[in-house]
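Okay, got some structures for you below.
Two complexes, one shared chain (chain A), two partners (chain B, chain C).
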Partner chain A sequence: MTTAAVYFLLPEILVIATAVTIYVAGAFFHTQWGWGWLALLGTAAAAAVLALQSGRSPAPVGLLYSDGLVAFTRWLALNLAGLLVLLNFRPSADGGAPETLGSLLLTVAGTMLVASSQDLVMMFVSLELISIPTYVLLYLGRRDALNQEAAAKYFYLSVLASAIFLYGLSFLYGVGRSTNLEAIAAALSALEQTSPAFVSFAKLALVLIVAGLAFRLAAVPFHFYAPDVYQGTTHANAALLSVIPKAAALVALLRLGWWAMPGMENFAWKLVLILSLLTMTLGNVTALWQDHLRRLMAYSSIAHAGYLLIGVAVALAGRNASPAVFDGWTAVFFYLCVYALATIGTFAVWHYLGGTRSVEGLDELAGLGKIRPTAAALLALFLFSLTGIPPLAGFWGKLQIFAAAMNAGGGPGGGETGLWFTVLAVIGVLNAAIAAAYYLRIVGVMYFRIPLGAPRTEGDRGALLAAVACAALLVAFSVLPGPLVRASSQAQPHVGQVANLSHDADAP
Partner chain B sequence: MSILLLTSIFLPLAGAILLPARRERARGVALLTALLTLALAVVLVGCYPGGTAPFAKTDYTWLAGSGVPLDVRFSVALDGLSIWLYALTALLTVVAVLISWEAIAEQAPLFYRLLLILETGMLGVFTAQDLFLFYVFFEFTLIPLFFLIGIWGSEERRYAAMKFFLFTLAGSMLTFLGLLAIMLWDFYHPIGTPAPWKMTFSIPELTTRYAARPMDPAMQMWIFLALFVGFAVKVPLVPLHTWLPLAHVQAPAAGSIDLAGVLLKIGAYGFARFSIPLLPAAAAAAMPWILILSVAGILYGALVALAQSDIKKLIAYSSVSHMGFCMAGLFSANRLGIEGGTLQLLSHGLATGGLFALVGMIYERYHTRKIADLGGLARRLPVLGFFMAVMTLSSIGLPGTSGFVGEFLILIGLFQRGWAETLPPDALLRTLSVLAVLGVVLGAWYMLWLYQRVFFGPVREPQGQSHREGDSPIFPDHASMVPEKSGQSPQPPVRDLNLREILALAPLAVLIIWIGVYPRFFLDRLAPTMNQLTAGMRQAETRLERTKDEIRMTKECRISKCRMPEDSTDPRFPPPRPFRHSSFDILSSFGFRPLSFAKPQAAFSPLIPHPSSP
Partner chain C sequence: MTDPALSDAVPIFLFVACAIALAVVLLVIAQLFNPARPGRVKRMPYESGMDPFHDARRRFDVRFYLLAIAFLVFDVELLFLYPWAVASHPAAVPRAATVAPTDITPPQTAPAVGIDAAVASGLVENRTLVFAGAMLFILLLVLGFVYDWRKGVFQWR
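Coming up: the complex of A and B.
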């Protein structure tokens, strides 16, 4: 490793070093407090280094990318890390604070590395860097049968998903004859001419990769774990599960499907589009019947994975057409940001309300508008944003997503593709209306019903701070969405680079 | 002027944020805010010069930045279509605050906060000059109303709030797609040399551009349908009206006033602002259908109103009927009809707003809305009876009140179209015009009958009307008959309207009479904009008729094997798609095809060179 590479990876190194420090020190100092400060410090240091780097863009080093996608993912991951650390600031009654925070930081480092991996093996390892700490987190959260079931379920299914993903990567390796993404891209773009018989293997690889990542996205039909796992774990863990693996999976999907597998787009967008249709419809419709808060949010997160996949489908379909506007990338990442803020905020409010006894059922929120007006107002803000009511940031996300779909539907692509995307947009907006029903139900319970029982005890200040931070950011992005739109639009890597490299590869 | 308009939109929001937490102070500040907003609105109306140019325009960049092609702007202005609705909103909010003065005891600061936030939303809807700014305000109004209905409503308030929200949202999501399509199509069909990477969202700009190069009619139809769903739910047109009676009845009085007075107008406003000027061909083609739905609404609303036993429900259904008139006027494609439709929006807002306020006052006194429980109130509450008479007469459309002017213009417009302006007589239009008149008769029937039952005859009051405190007064299951001549009922007599309530109702009554006696003042201000609208619609209609004629000729030609336009090799004139000559055939006449913004098709051109023309 050269100095340049170390400097480039310094943010990730700092995050991992902080995690390791917390793990090790946790074994010696038997205190439950103060670890949150350390974690925040590590995150802030990583962010500072990232800010220093952002001035000049370092050239790709070794097995790493350093394009817009990497920069965006790193910033997103670090910001999410800050919010999630705040959410986990107060140790749970069972202890385990250092382990919780260390594992959390490792998942964040994994997400940051997924974006910059230029190698199949490194990408797989980065994704595992997210999965394995998550198993630990799930075990740490609570100590009851439901939690054990959730952790075991997540563990086995996640391992299975990783295996499927790896199987897909092995096919990709077979077709591309390299583990380097650039080499694979070059090989695939030449595939039609050199060995057309291999095209079906590339498609098989794509299907397996999408399946493996769909588990992390909680997309149908790999969503079955989500409701049980969310229900069985804590609010803080559910917040992490609904954001971090999704972000990493989206980045990996776009990196592999869009960047590294040229020529597969026409197959890929259809696959993603169908997944998207199924995911959002199933998530939204099933959420209507849920009474358990985290279970409801699990279905909500499934539904939002569906909306995100709309953007991915548009991005894939537009890879060659390269539409002048609404390329899908902006939509995906803008939506991801506002979804993450609203979801983390929702769980943070519940975590805050929990105090000593966790809020579980919908009925426990009855009359919250009267007894806890601030918490109720924050929660209502997050839920309306998830619904996508203007002028909240969720609306701008929906605007981007559906505008992208409509543009793919009637834009230069046209034809049969167009019809598909128009149908997707129509079903998408109808889904948004269905989703309103269950979000509103929560708001209705909070404001339209009389309180049951005594007011809840004062909860965790850190969680409240996280909720307020999410709300402040959401309101800021609601009033001025421009900066975030611009930032998201810069996440798209430039396709010209792949083409040049492929020529280079063909030359010898 | 611009700064006044901007202030008037955001003043209520500022008031809502700064509202004090104590009930007495909160309502005072709320009233002050609403009055200041009204004062600004009055100044703006007074200074409004007429004409078609946007007045008091403010325009800021909002979303656009380097690399962001979405040029969503913060752009507000007034014109002939919006000026009266804007003023109506400001007025009705004052009324809403005044009538909630005593009625709202629980969580009062929150109530006034939501009311003021709602006012900002409604003022924003009518003044927005940007497609997405409009949509932002359009949907945003749902949130405060959802809480207003859900927290302070009557028994079924939770269900009503949910149904209202979901119905409207489901419709408006499709409208959202329609607006996106309008914007995208414009982007892909630039005129001249547009600035690259900029998407125009400005409504006036889009209107001129769409007038310059109309969209392909098949596309228009699709987008019209998408917009239709959202706006028709708001209006509501008849099959989509089921949320209305529930929401109106369950809402607190102030909520009903805003719902009936302003929010229903947003639907009609949307049609007049987007559907007709941007998609004239589709509007012309859909006209018979919309007229059928409107007239169905007029009759259905009136008939159902006749059968109601609840005063509030009766007035809610009368709204369905009256909004049918407004829509029939707007889609009559006749100058008088469109002017009348717009005026009727204002008139309905005043009269129905007043009626809902009065029902609220009756409910405050007797805790019942059942017609059967009440009788002879004119003796007990003469002042209330007087105002009720004014509103009722306006609702019926008695000459000298605002309702007459609106409905009369609408009917004249419809008749002119049916008899004078369609050369091949259109039986459908004539039938609809005659049926619409029937709506006026039915309107007189149910409103006067209501007035007779509640205000005349022997005095009949439910017992326990003095239980004004507490959340659940004991209602008697049966109404007790208090003989009128005995005069000395066991309860203390119910007080008539106090000064506050009179002040709330008086401006409405004054305006109703003013419009009724001297409508020119109001019509002059809205006429130029509306005439432009009419002209655009008529032009599109003429084109549609001409195209139909062309097609008919073509068909006849084909039989006689003469030279036909589709033999023309001129690429500018594509062969016409098959039409069927029926005004009912919206979809098949345009042919169902997938959406396409990008493939530029020849603009909707009726100018197929006719073989016989020189």
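Coming up: the complex of A and C.
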């Protein structure tokens, strides 16, 4: 622990300090209003410090990384924090506004810390900093039986997933004989030569780690909690659940599987590839039957976890190849940003539409195009982007993911690996076509059906602002995807890494 | 064992087999060789040395739950503060005191231990930072305590 490390962690410290202030002040002042301003202020302060730090980023010692992946994740988390705070700006009728915003900021701080963790213990604690406030959020959301079920289900399964993840970390510690990721990577590289039989324990560790993180990603076979939990909670919580844990799990998966476990990639990409195939197919096919909006979006978020895993598989398979051919990294993080914008936007529009009671069923959106043309247009934009219709940003994201998989396929002469990735890309494209059916069904209900009732009560302006911000960013990235592609291509551990590249000298 | 994927997995199967075998063997040995002399005291459920005064399968007041959580936080606090207190103790002090004033041998520099060793090895910058970290930890717990108090956790309603 040095003053340099404290300075480096200042954005996270500011976010956590804001969260603590909101919690404690919320216990003294019995108002439900105004906490959103405080949360926005803290997020903005953290962003300002982060902007000041960039360019002359310090090289902290011990427990922290300060590479491109860290910088990208921190910016992504802070931007998501802004959108999610806007979404939670208006306190719910049940109260608990300070606790909601404080917990939200803590999950954001956890996401930021996952990327810079250079130690297994710190990574686990950072992931728990996301999980534990999420339990509180799920409990605070609503007060009915469905919500109780959602909170309990998420709590028990999340604890189980954490236990599985921790069990994997214990095997990794056993093989690497250290909790430091750099030391583990060095030990694994050496182990390849000295005792290859021992490496199988590293594979076991990898399977358990992938299983633990697959819960947070909502990837098959750890997806089954998602529909019930999303259905039972609020639109705002569902938006958080479908973005924050996914981003953190992706970063942790790439950091552990790609960076800290050299020599495992040939096993890892197969595992991730099969999970990806199952996840996107199951998510998309099951979503076709859903009539409940959040349940539908839960299956949609499962399907998108599958697409993201395609990029992870490509990145893993490309670990020892030239970066020009296999660019899974850029595709993953570009897709993650675009998916996050469209998903938060969708939930924000529904949150806005709901007044005293929230919009739940697909039928409630009937004729929305006539009643509320602006909201309907925004929602249609987000759904088209999730479908991947050109020229929206969702299309660029899918294009990059599938192009990366096709590149990894390597055409006719790709061999067995190439065949796998070609099959993956083809099934991915087929899945995108299936997904169009249920996204466009919502659009059809909005524009081609007669309104069932009177216009709903006006929702809150925070949610509308969040939706408009998502739409503006989405349109900007559709017209000019270049800046986001460049930013995503910087989100790699070997960009801006100051020291200790010894174990990775041959990789890109 | 010609399949490389299979031979890779042999250590894992060995590990699982050993884990199961150890559990079974220990139970069987205990069953075979233990002297079976049950008594009233031995059949008593173990409650950390306290005599149980009623059946454990009984309903508890849910209000105990909040108190238990609050207690747990401060229980864990001690777990962190004891090692910190021991590590921050400069071990050179008692040794220097034992040196008689007439002793002509130069006072040996004691090897740094605890936080001093961490500072010497460059793991932490200085002692002040460690102290600040511990104080911050306590401050966070106090803030949690204040939150509990304001929310009425300590009122038996």
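Some observations on this one:
Keep in mind that, in the parts below, the second predicted complex is superposed on the first by the 487 of 508 C-alpha atoms of A that agree within 3 Å, B and C clash if a C-alpha of one lies under 4 Å from a C-alpha of the other, contacts with A are read in each partner's own complex, and residues count from 1 in each chain.
Please note the rule applied: contacts are C-beta pairs under 8 Å (C-beta built on N, C-alpha and C of every residue); 3 or more make two chains touch, one makes a residue touch a chain.
This is a predicted model, so every value here is computed, not measured.
Because the two structures share chain A, they can be overlaid on it, and in that overlay chain B and chain C fit beside each other without clashing. When the two complexes are overlaid, the chain among chain B and chain C that reaches more residues of chain A is B.
When the two complexes are overlaid on their common chain A, residue A:Thr2 makes contact with chain C while staying clear of chain B.
In the superposition on chain A, no contact is made by A:Leu379 with either chain B or chain C.
Contact with neither chain B nor chain C is seen for A:Cys337 once the two complexes are overlaid on the shared chain. After superposition on chain A, the vertex angle at the CA centre of chain A, spanning the CA centres of chain B and chain C, is 160 degrees to the nearest 10. Of the two partner chains, chain B is the only one that A:Ala425 touches; chain C does not reach it.
Shared-chain residue A:Phe198: touches chain C; no touch with chain B. In the superposition on chain A, contact is made by A:Pro390 with chain B only, not with chain C. In the superposed model, A:Val20 lies in contact with chain C only, and not with chain B. When the two structures are aligned on their common chain, the gap between the nearest CA atoms of chain B and chain C comes to 24 Å.
Residues 324-325, 369-370, 384, 389-391, 395, 399, 402-403, 406-407, 409-415, 418-419, 422, 425-426, 429-430, 432-433, 436-437, 440-441, 443-444, 447-449, 481-483, 485-486, 489-490 of chain A touch chain B in their complex.
Those residues of chain B whose C-beta lies close enough to touch chain A in the complex are 62-70, 107, 132, 135-137, 139-140, 142-143, 146-147, 150-151, 157-158, 161-162, 165-166, 169-170, 173-174, 176-177, 180-181, 183-185, 187-188, 197, 199, 594-599.
Listed in rising order, the residues of chain A touching chain C in the complex are 1-3, 6, 20, 23-24, 27-28, 61-62, 197-201, 203-204. The touching residues of chain C, when paired with chain A in their complex, are 7-12, 15, 122-125, 129-130, 133, 140, 143, 146-147, 150-151.
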